[in-house]
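Below is the structure I would like to discuss, written out as C-alpha cells.
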Amino acid sequence: METHKGDYQNNEGGSASNLVNRQTNADDTVINVNGIKIGGEELVIIAGPCAVENREQLLETAKAVCSGGANILRGGAYKPRTSPYSFQGLGEEGLKYLSQARKETGLPIVTEVMDTRQMELVCKYADIIQIGSRSMHNFPLLKEAGKCGKPVLFKRGLMATIDEYLSAAEYILSGGNQEVILCERGIRTFENYTRNTLDLSAVPILKRQTHLPVIVDPSHATGHRWLVPVMAKAAIIVGADGIMVEVHNNPLEALSDGQQSLFPEDFGKLMKELEIIAEVTGRKVYRRNPSMA
Amino acid sequence: METHKGDYQNNEGGSASNLVNRQTNADDTVINVNGIKIGGEELVIIAGPCAVENREQLLETAKAVCSGGANILRGGAYKPRTSPYSFQGLGEEGLKYLSQARKETGLPIVTEVMDTRQMELVCKYADIIQIGSRSMHNFPLLKEAGKCGKPVLFKRGLMATIDEYLSAAEYILSGGNQEVILCERGIRTFENYTRNTLDLSAVPILKRQTHLPVIVDPSHATGHRWLVPVMAKAAIIVGADGIMVEVHNNPLEALSDGQQSLFPEDFGKLMKELEIIAEVTGRKVYRRNPSMA
Amino acid sequence: METHKGDYQNNEGGSASNLVNRQTNADDTVINVNGIKIGGEELVIIAGPCAVENREQLLETAKAVCSGGANILRGGAYKPRTSPYSFQGLGEEGLKYLSQARKETGLPIVTEVMDTRQMELVCKYADIIQIGSRSMHNFPLLKEAGKCGKPVLFKRGLMATIDEYLSAAEYILSGGNQEVILCERGIRTFENYTRNTLDLSAVPILKRQTHLPVIVDPSHATGHRWLVPVMAKAAIIVGADGIMVEVHNNPLEALSDGQQSLFPEDFGKLMKELEIIAEVTGRKVYRRNPSMA
Amino acid sequence: METHKGDYQNNEGGSASNLVNRQTNADDTVINVNGIKIGGEELVIIAGPCAVENREQLLETAKAVCSGGANILRGGAYKPRTSPYSFQGLGEEGLKYLSQARKETGLPIVTEVMDTRQMELVCKYADIIQIGSRSMHNFPLLKEAGKCGKPVLFKRGLMATIDEYLSAAEYILSGGNQEVILCERGIRTFENYTRNTLDLSAVPILKRQTHLPVIVDPSHATGHRWLVPVMAKAAIIVGADGIMVEVHNNPLEALSDGQQSLFPEDFGKLMKELEIIAEVTGRKVYRRNPSMA
C-alpha cells in the first residue's frame, strides 16, 4: 500500500520549501542537550552498549565511556530483534538503569523508542530519543516524535535514499520539532564482508541539503570492532558533527552486537585520535568538563 | 541500535523449530475469511484502490472488482506516504466506507494498520488486517497482530531477505496468531525501469520453507499498469495462492498509485486470463458465487 | 575511466534512433539457425552442460538433451572462473567435442567467447556464439561480435540496467550484426537464498523496447536445481522466446555448476511441462523433428 | 556460463595460499614507477583528464596537474563508452599525446587497456596500464596483464565483492606480475544522488587482506566535482596509498565526465589539503621534485 511510482523515489517532500532544507533555513541547527551543543563547532561523541543488559553492565560501561571522554550515553531498553526469541530489552527497568547512569556520570542519555505507545514513557527518562533504522518509515512514530518535546536521534533506513530519508525527517519537523539529529549508519549492498556499507558521501550531501546536525554510527555500519575507529575518523573528515559508537564493558559476553562493540580501552584510544583529527578540520571534540581530560 | 552482525542476517529465528516452518507444521495453513479459503486449492484475488479517497470512488471500484470476479476488496484508510504533505488517508471515515462497500458487494475487506494504537479500531472494521512493506520490521505492531484475532496480510519489506521476512512473521505466530498471509511485492535493486524488482523465485522458496499462504502484489512491484497482468500470471505459475492488484475506477485521477492501477475493464480481462493459467497449474480461481461468473 | 555521470545510466545510446529499438524496426527479429527459428512463434530450448569436461560427458549429455527435446546444445570450452586455479575449460579441444556432438545429434551448438583473439576460432566451430554476463561491457568483444557473421547469444550483465544492456547490444548491431539473442540470467541483489535474482519483468520490458528475441536462463539466476523448472515455466508465461538450461549427465560430479544442473530425466520432464505452458500462451515448443517426440 | 553457486561468491581463489594474500606475503608490495614508489610511506597522486581529447587539452591539463603536484598523469586513449555512438577515444594517437605529455612534464603515465590485442601497443607507451571497472572480470585480459611486464592499476568492478576482486587480482599475480595497484572506485547501490557509492571501508579491509597497494578514485565514485576533495581526504584517513582524480583544463567542455572533473585550481587546493591530512596519518604526499612545490 505504499504510494507512488519509483517507490519512495517520487519524493514530493523533496521540494525546496520543506522545513528540513537549507533553503528554508540556511543556518545550522544547533541542539542543546543539557549544555552539550550538537551541530555546533564541537564534535559530540555518543557511546555505550547496544542494549542495557543489567545494572552492573550499564553502570560499568557508562563510567568507562565517561572517563574515556564520551559526551552522551547510549543504551537500548527496547530492542528491535530479528527473532522474537532473542533478548528484547529490559523495558522500563532498562530506562531506570539509564537514568541512574546519568545521575552517576552526568552524561545525558539517548535510547530508542519503537512504539507510539512507549513515547511518553521513554521521554520521561531520555534526554534524546532515538528512532532506529528499522523505524525510519514508521510514520505514526515520526509524527509522535514531532510532538514529543525532546531532541530526536533519527537514523537512516538501511535501504533508504537520501531523499527518502530527508522526507521522513520532514515528518518530525512538520510536527513541530526541529531538534532532529541525522545519523548515517550504513546501507544494504551486495558486499558481505561488512554488515552494511558505510555511505560516507552521504554526510557532505546531507550537510549541504539540510541544516540539521549529522552524525555517523560506524559500529552498525561495519559490524567489526577493528573497523570502527578508522571509519569514525573518516566520518569526522567528511564533516560529521559527531559519532555514535558501541562500547561494552565486556564485548565478548554481550547479549547483542558484541562483535562490533569496542572495549573501553579501545574507546579511550579512539577519543585521543579523534581529537587530532578534529583539529585538522578546524573543530574539536566536545569536552563536557575539560578538567576531566 | 539494531542488533547482531550481518544486520538482520544473523537469523536466530531461522531455526527449524520456528512456528512458521514446514518442519514444524507440514500441512498448508488454510485461512478461512467469511468462507473464502486462502492457501487452499483455489486462488484468491484481492483487488481495489490503493487508497480510499471518497465514498463514490470506493463503492464504484468495489462494485467493478466484484463483478470482475475479485474475492476480497482492498483499500487503504491509513496511508504511509513519503511526504507528510501528501494525502494521508481518510482514517476511520475510510474504514466506514470500506464497511459499506462490504455490505453492498459481500466482499470481505483488507486494509492496512500502521500504528499499534490503531489496531483495535482497524480490527473492528477489517476482515483481514494488512501490515505493509514499510512496517515489516515494526516489531511492536507485529506483536499486536499476533494477538488481534484477525488474519494478517503481511507484506515483505522491500529490503528484507527471505530469512528476515520469515523471522518477522514468526513474531506474529509466536503471539498466537497463525493466520498469516505472506505477500511478495518487489524488492529494491539497482534496476530503475520498474518501481521495484518482483522477486518471483521468492514464491516457491517461501512455499517450500513455510506452510503459510503466499500471494503476490504485481502492482507495487512493477509500478506500471501494463506490466501487472503479465506478472500476475507468472505469479500463479510459480505457485502463488493468489494475487493482490490495484484497481481504480479512474486511475488517471487517483490520489496515489494511479500509474500502476488497472482500469476496471483491464481487471475483468485479467481475471479471465488467470482462470486459464490456474487450470494449467491444476488449480482454479476462487468463485465466491459461481453463478456470478 | 568509465564515462559519464550516473555511471552507465546516462544512456546516450538509449535514443529512439538506435538499431535495437522497436521504433527503428517494429517487426520481431527472427534468427534462423540451421532451420531453427529463434524469436518466431515457436519456443527454442537450449540445454547442455555448463562446461565441456570431456568427450564422454559431452556426448552423453548431448544425446540426453536431444532425446529430451532440446533444440540447441550449449557447453563452454572457455570458462570465466572466479579463481585462476579453477578448471578453465578445454579450449579448442572442447570446441571439437562440441562439433562432434553436433554431428551425432544434429543440434546446433552455442558456446562462449571471452577474448577478441578467440573470435575467429570459436566462430569456426559454433553455430551461435555466446557473450557471457561478465563480458557484457567488453566493448572490443562486442565490436568483434558485430562483424563475426554468426548469431550472438548476449547475456545481461548481473549488474546492468535494462538501458545499459540495450546500449551494449547496440554495439553489436551497429557493427553490422542484427542477429542478437538477449538473455535475462538474474541480477545481483541483497537476497542470498538464490545465486542471483531472476528479473522476469525484464522480459516483457525488453520485448516492448526491442525487436530482438529474448530468452531466459533460470539455471544461473537461481543456482538451485529444484528452482529451475518452475522459473523456466514462468519465463515462458512472461513472453520469453525460449529458455537456456544447464543439464549434466552426472550433476553430482560436475566440474562447475553442479548444484544448478538438471539431471537428464528432470530435463525431459520439464520439456513436457513447457509444452503445456507454451500452449496457454498460444505458442509451442520448437520440435526439431516432431517424429522424435 | 559463469560458474558456481553464489555467483562469484564461491571464491575458491580466496584461500590463504593465494599470492594476493598477506599470509603469503606479509610485507607491503611497493611498486617503483620511474622512481615513484607506490605502496610505500609516501602517498601517490594520479591526476589527469578522463579522456585524451586532443593534444592541446592533454598538454595543458598535464602541465596543470604537474605544477599542482601530481605524481602520475592519467588519460584514456581507449574509452569504454555506454553507447557505440559516443566518443571512443583517440586510440594510438592518444597514446602518442600521452607520451609527449610525459616528455614535457616528466610524469609517468597510466592509461587503460580494454582488449588483449591492444596490450602490446599500450605497454609500449604506458608506464602503468589500467584495467577498468568494466573489465574486472575480463579474465583473458587479466592473464595478459600478468605477463605484460608493466605495473597494473586494477580497478574494482562496480558490483564486485572484495573477495571477487581479490580473486580477479590473483589472475594477474598468478601470471607472474606482482605489480598490481588496487583501486576502490565506488560500487553500485540503490542510492542515486551519487554516481556510485564510495565504499571506503574496503580500503582498510583490502590493506588487511592483501599486501598490494590500494588507492581510491573519488571522481568516478561520486560523479560530482564538489564531493571529490572531501572524499579524497577521507580516503587518506582510511589508509589509501594514494588517490586518482580527474582533472580537466576545461571541465565544462569535456567530452566525458565533465561533471566530476576538477578545475586545475581545485586540484592545486586539494593537494595542499592532502598534505595536511597525510601528516596526521604519519605519511606525506609524494614529492617528485620538492623544489617544484
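Lettered A, B, C and D in written order, each chain numbered from 1.
One rule holds in what follows: contacts are C-beta pairs under 8 Å (C-beta built on N, C-alpha and C of every residue); 3 or more make two chains touch, one makes a residue touch a chain.
The model shown is predicted, which means the values in this text are computed figures rather than measured ones.
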Neighbouring chains common to chain C and chain D, by label: A, B
Of A-B and B-D, pair with higher C-beta contact tally: A-B
Inter-centroid spacing, chain D versus chain B (mean Cα positions, whole Å): 48
Chain A-chain D separation of Cα centroids, rounded to whole Å: 35
Separation of mean Cα positions, chain B and chain A [Å, integer]: 34
Junction residues of chain A, two or more chains touched: 9, 159, 188-190, 192
Complex contact set, residues of chain D against chain B: 188-190, 192
Of chain A, residues touching chain D in the complex: 9, 159, 161-163, 187, 189-194, 197-202, 204-205, 208, 221-222, 227, 230-231, 233-234, 237-239, 276-277, 280
Chain B-touching residues of chain A, taken from the complex the two chains share: 1-14, 50-51, 74, 76, 79-86, 112, 114-118, 130, 132-135, 137-141, 143, 157-159, 164, 167-168, 170-171, 174-175, 188, 192, 195-196, 220, 223, 256-257, 259-260
